[in-house]
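Got a structure here, written out as structure tokens. Questions coming.
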Amino acid sequence: VGALDTSKLLWIYERMVTIRQFEDRFRQLVETGRPLGSGHLYIGQEAVAVGVCAALEPNDWITSTHRGHGHCIAKGVDPRQMMAELYGKVTGTNRGKGGSMHITDYSKGMLGVNPIVGGGMPHAVGAGLTSKLKKTGQVVAAFFGDGAANIGTFHESINLAAIWKLPVVFACENNHYAQSTPVEYSTAGNNIAGRAASYGIPGIAIDGQDVFAVYEATSQAVRRARAGEGPSLIECETYRYYGHFIGDNPSRYRLADEESHYHDRDPIQLFRRRVIEEGSLNQAQLDEVDARVAALIEEAVEFAESSPLPEPSELYTHVYGE
Amino acid sequence: VGALDTSKLLWIYERMVTIRQFEDRFRQLVETGRPLGSGHLYIGQEAVAVGVCAALEPNDWITSTHRGHGHCIAKGVDPRQMMAELYGKVTGTNRGKGGSMHITDYSKGMLGVNPIVGGGMPHAVGAGLTSKLKKTGQVVAAFFGDGAANIGTFHESINLAAIWKLPVVFACENNHYAQSTPVEYSTAGNNIAGRAASYGIPGIAIDGQDVFAVYEATSQAVRRARAGEGPSLIECETYRYYGHFIGDNPSRYRLADEESHYHDRDPIQLFRRRVIEEGSLNQAQLDEVDARVAALIEEAVEFAESSPLPEPSELYTHVYGE
Amino acid sequence: MATRKLNVRQAITEALFQEMRRDPNVIVMGEDVAGGAGRAHLGIIDPWGGPFRSTKGLIIEFGPERVIDTPISEMGFVGAAVGAAMTGLRPVVDLSFIDLLGCCLDQVMNQAAKMRYMMGGQVKVPMVLRAGYGTTTIPGQKRGGGAAAQHSQTMYSMLAHVPGLKCVAPSNPYDAKGLLISAIRDDDPVIFFEHKFLNSLSGDVPEESYTVPIGKAEVVRPGKDLTLVGIGRMTHVCLEAANLLASEGLEAEVIDLKTVSPIDEETILNSVKKTHRLVVVDEDNPVCSVARDVAARVADKGFDYLDAPVKTVNAPHTPVPFSATLEDLYVPQPPQVIEAVHAMLGIGARA
Amino acid sequence: MATRKLNVRQAITEALFQEMRRDPNVIVMGEDVAGGAGRAHLGIIDPWGGPFRSTKGLIIEFGPERVIDTPISEMGFVGAAVGAAMTGLRPVVDLSFIDLLGCCLDQVMNQAAKMRYMMGGQVKVPMVLRAGYGTTTIPGQKRGGGAAAQHSQTMYSMLAHVPGLKCVAPSNPYDAKGLLISAIRDDDPVIFFEHKFLNSLSGDVPEESYTVPIGKAEVVRPGKDLTLVGIGRMTHVCLEAANLLASEGLEAEVIDLKTVSPIDEETILNSVKKTHRLVVVDEDNPVCSVARDVAARVADKGFDYLDAPVKTVNAPHTPVPFSATLEDLYVPQPPQVIEAVHAMLGIGARA
């Protein structure tokens, strides 16, 4: 907690809680028969997105995965526009044309949820090139899953960023599963962080449930990136509380022990306990955030419900420019 | 040399010399205006192909690269049929339909020269799967270049072979260049062998000009593979004497020092010196091989020149079965 | 033997069971084709059974050596299937979504498809690549959105273009089973397109093993006034349109193309010879599509039969939008087919 | 300003120089686009200048930050170009051979092409992907063989199919320069097809910068009896065929398509309206090809103009063979065009 002031701590808490409440609400809506699509819930992993984004500046960039709601909220995307996107409304971030798997807010440096596994990693390299060439000082954080560590773009992207010394932070969210496939089956070698050695860059495995650990590791990687020393790889050990998508029952392929272990290490509860114990924030401050966020999420749902659908002509627009 | 008997030593020498003479002859034919295509010469790297294949059984498999003449000859493909293939004749290994970049002899376990960089590596994984599933005990050696170490299939193939403990030997020919790009530019990290650690498999960097070193390292990897312990990665430091293809002038991007260093470490001369010094073979035995190979290559050219072209109908055959 | 109702997914599962029993060289590979790999000792076995559950149960009977979960390494495992096929196995690869062709095209187009030819006939590559395609839109049914631009494509046109590949796209459970069995027994690489909307479509399927020939289209409704050619889900759209046209007094002949490579020209030309009019309905994007390919063949070889412009109905030249309200407009439906028929016949839009 | 003779390769180089001078956001990336990267301190700079030498000299003027050698990582560097384009640069990527699309299709088809749409117009992806295509066959010239199945493909049909991409295939140095400048200034991803055979073709090119519009075809030879549509090298084949046809008393109008996505229907329809006959000549494989696409459009929108079957001439549905004797047969040449014209007109083969 040390270096973080109250407003930063509240910022962190608010973003984590926003992710949690946003998705909980979305899940309920889907499960109670609201006519929405499915989605890949981020719940349980909040400390990763928020810890990473806490170490970034607003004009820094992130790339994301299929499980991207958390990344969006952490980077400052408006939950109202996000909810409207999930409803397929024209007021959504992407005018309803992208949905859960493509939420983007360029103005926030959020370069797109990207459901092709590994598909966003090269974009981070490209954004890093832009930053380097234009000397803007911007850093790019590339989120990816444990499953993505076995696809070619992982290898190619990290190698490219390393040889070009680009300001990219590769943030692996190792939630132990790719769909129902356990990471220890799919992934040879000791751990994903260790693969950094192949590219001569720092690699570190950390507790992804501890937002402070994530923030700390990312801050160090960001310093390195901004100093022109190149990319880093951070493997965050974490867990998704729900299935691969809404509707998937994870108890078919996960062990109850493991699930309860991570529920005991809930990132939001860990944060609350720690800041209260250390006296940096009090219960009332935290509860006030919870309430504020709850109101915001309510507003987001209302906004989404009451927003108009895209006009039929939208089918044909934005294929090309002009 | 130790364990190798005279016939094996002669076998090794003959195959290295066959590669050298075959390609020297092909190069001369092209350079003196014979109407042939170009090709990627293997000359200088003979110890790798022959050292690897010396450690394999005839029914083991290899996959190859665009620079594949050496791999073919080392695995026992008939130079006459190879030369006919280069001439586009129907008596060629591939009936003239593949050419230099696709020479294949399935009956020799040579699964194809493959000019898509990294394209052959997954095939080695697949052949390894066949071997494992059918319990044939066959091993697969996958040749690839230093440049190929940066493409996604390198990563995916080694990871797959590692998690499935397949009998594959990944043999990297690090000749320091991919086209004109030096390996130290394109390849982050210390060396390619070191990337083996990412997959928890043995990785070793050896002198690729020393056929005994290559044979030794491969033999060890093959033992491991046949024992069901999985793949290995061997990085062979080597050099191509000519340009990337016939017509490319390498002195535009290589240093004279470096070139002469490797000419001093010519794999065939090293072999000759060593076996003569150690008294395992004598000058006459070696010269006899040279002469025999020279006759074979002459025969190959005559065979190719006098062979018929494919019939026009061949354009349409072998697209599909039946 | 008996015939039961199965849906397309179940028909596919049955074909896989029967072929794996018949031929020990048949293996199944893909992400989560069983699921939870390596955890059998913890009692976890087969929790997924494939992205659409069509490989469920295989691992129980055939074990993890023949039902192989893969990491997310499309180029790697599709390429491994190519290598395995070259060396004696018959892999059936589950690519989940055809959109993921983006991650393995080299192995499909440059390797699998061309191997036999490049090697002068020395090798064959008997593999099947199964992939879900299309959207699940049901026009008018209220829902937020679909699977959007990267998980809803059709894409058979791109692969039909590639020499050396065969491509099939069954429209019903009977054909799904028979074509999959044919594909597995075929010595060439076959891309097996499974329409996501049709997976739950039910129909009569014999219990025993049987084949449906690759490369043969079928007249699924006879008619004399015009020919409608459909592919996959579009066959059903054509049949619905034919019903509506019948009420206008137009008897449409409907052909289910079934195989998009090679295309059965003969069946189509024979029909157009009789009807003199053709509309091809295709869920893929229009440019260089199977629909336009069929139209061009008929405009060449069947020109003298034609009494009217050849019409094609495709999805628009746009990515697939998420919002249901847009996705519903994206996929061709009976009204668009009827509109094309009217335009072809010079019938003005009805008031 | 003056006009000189340049070949296609030189025209491309000039376009790159001029655009890089004009706009500091334009960068060039690809394998060995300069070559020997990282060795400037050893006096090694620009030893390759690209696989076809068309980026030669750029690094001298623009330095290694804007002329970027890449490792062999097609998915990675094409994807990096997408990310760079999204964030403000204008990358011109050299893919060497279009066949290597196999290794980067996802970034081209799923990412670059669809980004603007999926994101509801928030971003643009102004990038150019340059790629060599085609064979260099010169029928009758004795030589062993060509570049075979994986280094000779045409493939624009597959990419013309993809919404969100534009695809151009110039047939001469003037258009190469003008279309490349247009492509670089375009805010959408443009695939720039460079025919390997045409690289050394020479023609008049103005010194100054100019654009040739994307999406416009051109009548390069007027005629009244039939229309020949060519693409890239095939435009020259059409012109040769037109000369031969003239000696039979047939005046062929020849159209150079220039852009294969979007296709200029209007120019083609206007021509067919006049000539009533159409042959489309395309070096790509036939199924779902640009040739058949054009034929289908005319069989629909130009049906009433047509007096004869619409003919298409393509490479066969086979991979590209190595042996020169076969490769010569693979690529369409004037005799096949004339054969198609005769077949169209019902003229029997001459004895």
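Which chain is which? They are A, B, C and D, in the order written, and residues in each are numbered from 1.
Everything below uses one rule, namely that a contact is a pair of C-beta atoms (placed from the backbone, for glycine too) under 8 Å apart; a residue touches a chain by one contact, two chains touch by 3 or more.
As the structure is a computational prediction, the values presented were derived from the model and not from experiment.
Colleague: If you take the mean of the Cα atoms for each chain, which one ends up farthest from subunit B?
Modeller: Using the mean of the C-alpha atoms as each chain's centre, the farthest one from subunit B is A.
Colleague: When the centre of a chain is set as the mean of its C-alpha atoms, what distance in Å lies between subunit A and subunit B?
Modeller: 45
Colleague: Go ahead and note the Å separation of the Cα centroids belonging to subunit A and subunit D.
Modeller: About 41 Å separates the centre of subunit A from that of subunit D.
Colleague: Centroid from C-alpha atoms only, then distance subunit B to subunit D, rounded to Å. What do you get?
Modeller: 35
Colleague: Two or more other chains touching the same residue: where does that happen in subunit A?
Modeller: 94, 96-98, 102, 116, 150-153, 156, 159, 163, 185-187, 319
Colleague: Mind pulling the residue numbers of subunit C that touch at least two other chains?
Modeller: Each of 70-71, 73, 75-76, 99-100, 102-103, 106-107, 110, 117-118, 148-150, 163-164, 316-319, 321-322 in subunit C touches at least two other chains.
Colleague: Chain adjacency by touch: line, ring, star, complete or other shape?
Modeller: complete
Colleague: Mind pulling up the subunit A residues that touch subunit D in the complex?
Modeller: Those in contact with subunit D are residues 61, 63, 92-98, 102, 104-107, 111-112, 114, 116, 119, 121-134, 152-153, 156-157, 159-160, 163-164, 317-322.
Colleague: Any idea which subunit D residues touch subunit A in the complex?
Modeller: Spelled out, the residues of subunit D in touch with subunit A are 27, 65-66, 68, 70-71, 73, 75-89, 91, 106-107, 110-111, 115-124, 163-164, 166, 186-188.
Colleague: In their shared complex, at which residues does subunit B touch subunit D?
Modeller: 34-37, 85-90, 94, 96-99, 101-102, 115-118, 147-148, 150-152, 178-182, 184-187, 252-253, 255, 309-310, 312, 314-316, 319
Colleague: Any idea which subunit D residues touch subunit C in the complex?
Modeller: The touching residues are 75, 99-103, 105-110, 113-114, 117-118, 148-150, 157-158, 160-164, 261, 263, 284-285, 287-293, 295-301, 303-304, 306, 308-312, 316-319, 321-322.
Colleague: Provide the residue numbers of subunit D that touch subunit B in the complex, in ascending order.
Modeller: It comes out as residues 31-32, 35-39, 42, 44, 47-48, 51, 69-76, 99-100, 102-103, 141-151, 316-319, 321-326, 329-330.
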